[in-house]
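Heads up, there are several structures right after this.
Shared between the two complexes below is chain A, which pairs with chain B and chain C, respectively.
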Partner chain A sequence: MTVAEFAEKYSLEVLSMPDPSREIKGGYMGDLLSWVMGRAKADQAWITIMSNQNIIAVASLIDVACIILAEDVRLDESIVENAKAKGVNVLAAKSPAFEVACEICHEIK
Partner chain B sequence: MSEALTLHFDVNGEDFTSAGQASVRFKKNMRELGVDPEIIRRASIAMYEGEINMVIHAHGGVADVNVTEDAIEIILTDKGPGIPDIEKAMQEGYSTAPDNIRSLGFGAGMGLPNMKRYTDEMKIESTVGVGTTVTMKIKLK
Partner chain C sequence: MKELSLNILDIAENSVKAKAPLTQILIDETETTLTIAVVDNGCGMTPDVLERVTDPFYTTRTTRKVGLGIPFFKMEAEMTGGSFSIESKAESEFPNDHGTVIKATFHKDHIDFIPLGDVVSTVTTLIQGHPDSDFIFRHVFPGGEASLDTRELRNELGGVSLAEYEVIKWIDEYLKEQYQSN
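Here is the complex of A and B:
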């Protein structure tokens, strides 16, 4: 399932979507950035509640399909602009991280 | 890629939120060279961790990259406080990062272990009070 399809199906807010056709091939949940960099894999959707500027660089370097901010976490406009500039997809969910993970799990099975 | 390509980056130690600029630029350079995406991923994560370390602990530093036909070599040099116990610093979960850094999601004690995990060779030379040089190599063949 693509990032755009996932956002549509589960009514996630699109904050940045420079690459809508990117396939989601798995998921990783975590807020400790080095932990995420050590464990997450390319093409996964990264679910986090961390909302500082550094998440964009991390997402770009580990090459995830998208960042999904859970629990209705918001991003500053400057961070959204940075995500667009770096080609990083960012979605926002009102639901808790666990529910977002369940939705991803449902779609990739 | 018959000749070696060298890149030099200054890592600004003042601005934590912009940390990672060198690694992101490095990643773009490697893409343009046509390096295998998984190798780029490993090398750029390792370099980012090193960059973050220099910003957190050493007020910045420099990153030099040499790309040959056989390998990518990344050399990170800083004039920071040095690492008193390298063996301890290499343990997963061991961190000396301050609280303000932890609140940003860093300081989990995974930086150096990740650098080792994602590279084929890693060497740390450090003198307390003088600085640290980390040399990492990622094989291309």
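Here is the complex of A and C:
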């Protein structure tokens, strides 16, 4: 399932979507950025509640399919602009991380 | 990172890369706060570079386009309601008085405070990896302090390398004893 299809199906808000046809091939959930950096993998959807500019760098480094902000976490406009500039997809969910993970699991299994 | 000592290692490695003859790791701890300063007399940075180092998309590395050592350190301090500062004088502009000072203050009683962790390992790792650079380590905490100055050690040792296993082992024990005696 692509990032755009996932956002549509589960009514996630699109904050940045420079690459809508990016395929989600797995998921990773974590907030300790150095930990995520060593463990998340390319093409996964990364679910987090962290909202500072470092998440864009971590996402770009790992080349995740998208960041999904859980629990209605918001980003500063400057961070959204940076995500667009760096080609990082960012979605925002109202539901908790666990539920977002379940939705991803449902789509890829 | 799971321990601040790993951040300290990362930041101090930058000092060594900046060709600092002397790097000081100064930790000042009270009951409620922890301040970490890394002070070096390396080549320093020009104002335009200094402005960009807290941006995670800035790095001096050529193998990848993202540098997270300083951005993470800053974020971890700010997450506890603390503060971060960086000052630098470039060798090109200040030939006799150059170097970088990075300072971060953490609130220990904040729930997002990351523990300091094993600083003794940080110090021995730095010395073993860079036996020709000098390091001053000083950790002041409630009720005591632990410190080491490799310049003094170097005088005592004559020509023996600081990277020798026996020397590193001695440093490790020397520092641990200082923590235990307090």
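Here, the second predicted complex is superposed on the first by the 109 of 109 C-alpha atoms of A that agree within 3 Å, B and C clash if a C-alpha of one lies under 4 Å from a C-alpha of the other, contacts with A are read in each partner's own complex, and residues count from 1 in each chain.
We adopt the following convention: a contact is a pair of C-beta atoms (placed from the backbone, for glycine too) under 8 Å apart; a residue touches a chain by one contact, two chains touch by 3 or more.
No experiment lies behind these values; they were computed from the predicted model shown.
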So in the superposed three-chain picture, is A:Cys102 touching just chain B, just chain C, both, or none of them (first/second/both/neither)? neither
Contacts of A:Asp63 with chain B and chain C, given as first, second, both or neither: first
Have a look at where A:Asn54 lands relative to chain B and chain C in the superposition and call it first, second, both or neither. both
Of the partners chain B and chain C, which touch A:Lys86 in the superposed model: first, second, both, neither? both
Would you sort A:Ser34 into first (chain B), second (chain C), both or neither based on which partner it touches? both
Which chain makes contact with more of the residues of chain A, chain B or else chain C? B
After the superposition on A, what does A:Ala42 contact: first (chain B), second (chain C), both or neither? first
After superposition on chain A, the chain A residues reached by both chain B and chain C are 32-35, 37, 52-54, 57-58, 60-61, 86
Could you please specify the touching residues of chain A with respect to chain C in the complex? 32-35, 37, 52-54, 56-58, 60-61, 82, 86
Going by the contact rule set out above, which residues of chain C touch chain A in the complex? 1-2, 6, 55-57, 64-66, 68, 71-72, 75
Which chain B residues qualify as touching chain A in the complex? 16-21, 23-24, 27, 37-38, 41, 44-45, 48-49, 52, 104-106, 108-111, 113-114, 117
Touching residues of chain A toward chain B in the complex: what are they? 31-35, 37-38, 42, 50, 52-55, 57-58, 60-63, 86
